[in-house]
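I've put the structures underneath this note.
Paired with subunit B in one complex and with subunit C in the other, subunit A is shared by the two complexes that follow.
Our next item is the complex of A and B:
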């Protein structure tokens, strides 16, 4: 993994964020999903806390299994998302690296990432007896339509009303504009960073971007988040200009689809480095880079609706296939890796067909590996690495 | 005369193949892997050398494969079973298009390019159902020798169905069929069909070409081969000794300078 100078700044930001979350007396706390429109919360001085980010952190710290087992012990099925199980377990036992999350005062859940979040947040709402606002972002089977935009925009207006009632304060449009500006700035820097992966050799690999994703997920809409990505962008831009690669000898360039396997991040990074294979683009990290694409200062609600509807896993199968094929082309990739994540059904469904189609469109080999973002019991090093190695051999044969 | 060796250390057996400069098979060995995979690989290699009356210094290159490929001291390089089975099957059947390999803990289907290299592959998910280990467990439950399972299955007269979703559940299903007084050949046949059904899905995923070759230990089970062939509607070719194809492919890669 690449150690960027900016990394210490990120650790500082994340530590401050969690300290504030744990100690704040003034700000109400909202638990939110990763694809929720947090710009509304930051506008109203409500502090968003992300159980998904926390679960990822538990997974990377090799603490998720004990939390998952605690959740299963009270009856949550092993078939439920491992982020949800990690969250339930952390909440019950106050375990994990930061001893659980601070209690929520409200919940905001958006269905653009999956439908599991509805039930997950209903459980949390019952446990804490706090209000839950659900933003229902319909699935984009055939692209963005006027109906979808209007439907979502209306809900954003409702969210605004809900927050006004919840905080007892009026919605400050100037502040909203400022938050949007920061959100847009961070998303745009993030996007520019990710596009530097087109450089040969790539100055970063996707394992790095999985780590550096934390601020854009949690602090999107704040100035410090925008500032952080500016620093990171400048550092990576300079590395790209100097042709410094993230791995010493980049021979293969691949794409990673789906969530990271948090508990194997380091082992896989070493594995790929040893095989001279750089992961230069990931659909997962790209999801936060597109948030600025639809920004419209004249019509911020509609811009946000478009942005939050258009996230990768809320879009139709054909769009996803074409998107993967276009990334393979734009990033000059030699192959692609599809992580069939047992927990994340909407991300993993249809992967066999997807592999076939993307190979047909691009002529590049692909591989499907079975894993999970947080549950180590469903992952096998030997099986996965054999598949990946065979995939790398097939890229070698294709040369 | 220089030799080249391939050593395939899998979950059930360790196999070694010795070939000469023109890829003639000189000798081979198949030994149980046991608990020490490193030692098993060495033993298989030495046994093959002994049979050929050769010494280690006569061997110009060694490539390892199989799950313990990284733990074979004698090897200069390692390749995955997928690439090795492709090369080994290509050696026997140059027209091969699809390979079905059922090994100890993996079953895989490989699509091969006209030059014997891998085009695409699919493997079983994280589950041992339908693998060699599955067959071994069921043979244990039936109290029948593993190598007799195919012969036994072909004697079946009544078709029964068992699930193919899980080794543990299937084993208890087999035990309950025995206690119901069902005949061992019929149960053996149901077990073989479960393997064939599960594997045919993999083969269909990568595409069934004109020439289908089956490799790996389970290819010795004539009932599985017959049922798979019926299911796919295709003749399946089986090399003379299907269990050494991975090691053979590794030896060929060693000869080509892959070590």
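Our next item is the complex of A and C:
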């Protein structure tokens, strides 16, 4: 994996963020999903905390299994999303790298990533007896429609009212615009960074971007976050200009679809490096880059509604298939990897068919590996690596 | 008494084909859950409910991972083995991630048209109205395209009363079961409800009326029996009821999505269809798939168990059904706090060996007998 100079800055940022979250007396805490419109919270000085990001952190630190087992011991089924199980376990045992998350004062949940989060947040709402606000962003079977935009915009107005009541303060539009500005700035730098993956050789590996995703997920809407991505962008841009590749002798260029396997990040990075295979683009990290695409300063609500609806896994298969094919083309890929994640049904169901169709469209080989982002019990090194080796051979053949 | 219902449940495809010919209407497959079938009837279609089936799975493995629920896998299997040839289109709802994506898979794999009732779960009334209005309009026009018949306010009113009548008759059956515990074998009861998934309303309503008339005259059998309540999404495989019957355990009420959660629904109000559909979907029984804090499952289930005089509640869990799985631990705890024993067992629709389930039911029954 690539160690960027900016990485120490990110660690600092994230540490500061979690320290503030754990110690703040003034700011109310909202637990939020990764696709929730946090701009409203930052405007109202409510601090957003992301259980998904925390679960990912537990997974990467090889702490998720013990937390998952704690959740299962009180009856949570091994069938449910392992982010949720990790979160429940961390909450009960105060385990994991930061001894659990600070208790929430409210919950904000958006359905643009899945409907599973509603169930997850219902459990939390009951445990803590705090209000839950849901921004319902329905699945876009047929693309973005006027009705979907109006539906979402109307809920944003209601969210604003809810937060006004919750904090006892009025909604400051100037502050909102400022937060939006930071949010867009960060998203735009993030997008520019990801686009640098088109460079041959790629200056980063998708495994790196999984790590550097943390601030855009957690701190989007703050100046610190925007500043951080500017620095990271400049560093990677210079590497790209100098043609410094993230792995020596890049031979294959692939895409990664679905969540990372957090507890195997390093092992897989080494595996791919050994095979001269660079992961240069990931649908998962791309999801946070589109925020600026629809922004219209005259109509910020509508722009946000479009952005929060237009999430990759909130879209129909035709869109997803065409999108994968376009990435294969734009990033000059030699193949694509689909992670069939046992925990994430919305990301994984239909994947077998998508693989067939994408190969038919692009002529590039694809592989599906079976895994999970946080539950190591359903993952096998041997099986996965054998499959990946065969895939790499098939890329060799199709060269 | 129950033979006509058995005949349907064990010859589903033959029955649907015959009825389709007799009616001259296109068959629309209705996926779980809560799609108002009144709309299909009003558009001149013949709705048939697909709550999964007991096929052994083979072809569907090429498209759905083993971690998808067996409801989704088995309906796909049916289509892939061409067992659903008589179905001309599908009606979906958006109750879970699996079904939402299953619809997408159907659109890639099969030429049959699909419609989806995308259910808004917002707490913002105005937003819900805006969205649902457009969803209903597109569902109706999608159905009209399949059937070639326009929905009119007369056809809606007529369909609404036909379906309301079915549920009213089914409720009477539920009441008899509760009042004369032991009179209807568990197995017979669920065969009777299940037959309704496949029959045209007019045919099924007549069968239910005949049955109710006979049951009315019969007294409650004597003897001490164990009473329980079941909760889950889908009440299949029905083989399991034979285990309850053998152990003299009476299911006196249920909280199944394809049982009481559907049967309890009042008439679909058609005068204001947006409000009508909202009320239809969210009332009166709560469901794990429909976020609705105004109608909380916790007090609801406690109350249901108490009213039924049940000695315990068993959760009938279709493997990999996340909406159901998330609710269960807290619900079981709540029931236990109220002094109501509760437990669960795992089910796959394709299963053929019920030994493990029998062991769990045995153990539960021993526990509640104390």
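We take it that the second predicted complex is superposed on the first by the 399 of 399 C-alpha atoms of A that agree within 3 Å, B and C clash if a C-alpha of one lies under 4 Å from a C-alpha of the other, contacts with A are read in each partner's own complex, and residues count from 1 in each chain.
Please note the rule applied: a contact is a pair of C-beta atoms (placed from the backbone, for glycine too) under 8 Å apart; a residue touches a chain by one contact, two chains touch by 3 or more.
Because the structure is predicted, anything quoted here is derived from the model rather than measured.
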item: Clash-or-fit label for the pair subunit B, subunit C on subunit A; value: fit
item: Which of subunit B and subunit C A:114 touches, first, second, both or neither; value: second
item: Touched partner set for A:352, first subunit B, second subunit C, both or neither; value: both
item: Cα-centre angle that subunit B and subunit C span when viewed from subunit A, reported as a multiple of 10 degrees; value: 70
item: A:389 touches, of subunit B and subunit C: first, second, both or neither?; value: first
item: Which superposed partner A:380 touches (first subunit B, second subunit C, both, neither); value: first
item: Partner chain in contact with A:136 - subunit B first, subunit C second, else both or neither; value: second
item: Touching partner for A:322 - first (subunit B), second (subunit C), both, neither; value: neither
item: Partner chain(s) touched by A:195 [first = subunit B, second = subunit C, both, neither]; value: neither
item: Touched partner set for A:93, first subunit B, second subunit C, both or neither; value: neither
item: Comparing the two partners subunit B and subunit C, which touches a greater set of residues in subunit A; value: C
item: Smallest distance from any CA atom of subunit C to any CA atom of subunit B, in Å, after fitting; value: 5
item: Subunit B/subunit C common contact set on subunit A; value: 352, 370
item: Complex contacts: residues of subunit A adjacent to subunit C; value: 74-77, 79-81, 84, 111, 114-116, 118-120, 122-123, 126, 132-136, 138-139, 141, 145, 147-148, 150-152, 154-155, 158, 316-318, 340, 342, 345-346, 348-353, 357, 370
item: For the subunit B and subunit A complex, residues of the former touching the latter; value: 67, 79-83, 106, 113, 117-123, 125-126, 205
item: Subunit B-facing residues of subunit A, complex; value: 352, 359, 365, 368, 370, 378-380, 382-383, 386-387, 389-390, 393-394, 397
item: Subunit A partner contacts - residues on subunit C that touch it in the complex; value: 62-65, 67-68, 72, 94-98, 100-105, 107-109, 116, 118, 120-124, 126-127, 130-131, 134-135, 288, 291, 293, 317, 319-323, 325-330, 332-333
